[in-house]
Amino acid sequence: MIAATPNAVAAALPGAFAVLDLAGLAVFAASGALAAAARRQTLVTFAFFAAVTGTGGGTLRDLLIGAPVFWLQNARAIGVCLGVAVLVWFTPQRIWSPKALDWFDAVGLAAYAVYGAAKALRYGVPPLPAAVMGVVTACMGGVIRDVLAGEPSIILRPEIYVTAAALASVLFVGLALVGLPFWAAALVGAGAGFLLRAMAIARGLALPVYRG
Amino acid sequence: MIAATPNAVAAALPGAFAVLDLAGLAVFAASGALAAAARRQTLVTFAFFAAVTGTGGGTLRDLLIGAPVFWLQNARAIGVCLGVAVLVWFTPQRIWSPKALDWFDAVGLAAYAVYGAAKALRYGVPPLPAAVMGVVTACMGGVIRDVLAGEPSIILRPEIYVTAAALASVLFVGLALVGLPFWAAALVGAGAGFLLRAMAIARGLALPVYRG
Amino acid sequence: MIAATPNAVAAALPGAFAVLDLAGLAVFAASGALAAAARRQTLVTFAFFAAVTGTGGGTLRDLLIGAPVFWLQNARAIGVCLGVAVLVWFTPQRIWSPKALDWFDAVGLAAYAVYGAAKALRYGVPPLPAAVMGVVTACMGGVIRDVLAGEPSIILRPEIYVTAAALASVLFVGLALVGLPFWAAALVGAGAGFLLRAMAIARGLALPVYRG
């Protein structure tokens, strides 16, 4: 039973969603700076990777849906990325344990997936491509980071990652369409995506691979 | 003798051209899913590669010419890519012989090159960049697939591939400009591009490499 | 003391800046064609790499700031890239010494950084993201070339490169904002960026790397 059209959903999008955007941004920027740290790079490369990883997914989303690119509207997003790069540079690396970062990244993944899908709905994108846009927002920053670093991308590993983003954005779009309040759909979607990713981190949950 | 301006050409673009778009989409999506199969990936990665390979070239084209990105307008394109990914996953791999796929890919290449150039003309792009846009549409999905898979891209092999796309789009743009009806220019362009690619598949036709 | 708003700066942007664009384009196109030559590629691949490297940074800039993509407006930019590819193909490779190319590239880097930042200001982008846009314009063509060629990108080397572009664009934006005439801000910015890059080429000047 469809209780709300995409447009009605879109009109209801609260401005407070922007906080999901900054949360995802900071976490992904940190994962970019840490990729640079693992390769013993310079501070400029830290900043480059922080910015590309932090803004990459959202940039692609904005270009695709025809929105003004978010980090060109003011200095905040770039400032956050540069700040995170400097922070990672000057703090001892042992405080950035890979496990801790995985958990932050899981929060960013779930938040970005829901935020990306919500922004796409607001720009009039139909439900299925809007859900895809959530995945793009959540995953493409990391994919671009891996490609630039010459690493096999996360999408080539059986570990559950893209799947968790897909669960978050599909659930959010679906629940919003059947009439759940936006905040509830967002909470359930992001929560479910985070839990699925958590099982991958904590227990190595993975998808079956193709056996031909 | 120029018998038609780009604008006149553009106005004549038949809506039926959209069929070329879906044909190219399905074939390229299959080549993406098969790249995932060759790497023993998960179904989610099948879908990711099918979508990126199928929509990549056309997405870049639409962003560059300022058109609304085609797969965000409705659920059809994404639906085709997901359907192809599931189909490749559930059918025995031996029915997807590399040779057979090469032939499908050749059809997609020729169709996409002509369709991309035609869409660029319709958006007011001058002839030379419009022809380039045909090459972008036909080739960039595969290039993005190769980069994400960590493979040497098709553009680094002497085998005739980009050249066939260039022949199709240049011939189409040239013939349309000298006044041939659109369908005739499209048929000749796509036919010539397909034949050239066919000679590369069947006989290993390749371009000479640089010897310094 | 801020003597000029970004908008006032933007209004003052002289059309003559376009010359910086063509200079950067030709030099970067040559570096793309030479990358193809070093890999013993075909003439079509020369053209592909020349075009991608020459136009990549500016294309990304135009997409991000919402400007019409520069090389789709007329045949000039594509013509320059194709011409450069043919020139590199037909001239003896020894005249393209890596050292000579580094110097040309340094000119392109400085020119593109200033031009990219200036164009972003003209499109109403705030100062900090506008400076980033200078770096994007100057560096991303080379990054895309390296990714397509399967090479470790310039951003992974401690050698000063991105830093020189950042110096040029930050200095230009800063000086323009405090009221310097555009041509003076551009000269000082591009000059400083070129000098810094020159020290990297001539003396191996590099940034310190992370030691964790």
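In this document, chain identifiers A, B and C correspond to the written order of the chains, with residue numbering beginning at 1 in each.
We adopt the following convention: a contact is a pair of C-beta atoms (placed from the backbone, for glycine too) under 8 Å apart; a residue touches a chain by one contact, two chains touch by 3 or more.
Going by UniProt, the chains are A, B, C = Putative membrane protein YeiH.
Because the structure is a prediction, the values reported are computed rather than measured.
Undergrad: Could you work out how far chain A has to rotate to sit on chain B, using CA atoms and steps of 5 degrees?
TA: 120
Undergrad: Note whether the interface between chain A and chain C is symmetric in residue numbering, meaning over half of all numbers used appear on both sides, and answer same or different.
TA: different
Undergrad: How many angstrom lie between the centres of chain A and chain C, each centre taken as the mean Cα position?
TA: Going by mean C-alpha positions, chain A sits 30 Å from chain C.
Undergrad: Listing for chain A: what residues touch at least two other chains?
TA: 63, 147
Undergrad: Of all residues in chain C, which touch chain A in the complex?
TA: It is residues 63-66, 120, 125-129, 132-133, 143, 147, 152-153, 155-156, 158, 162-163, 166, 206-212 of chain C that touch chain A.
Undergrad: Quick check on the complex: what are the chain B residues that touch chain A?
TA: Within the complex, chain B contacts chain A at residues 36-37, 39-46, 48-49, 51, 59, 63, 68-69, 71-75, 78-79, 89, 92-93, 147-150.
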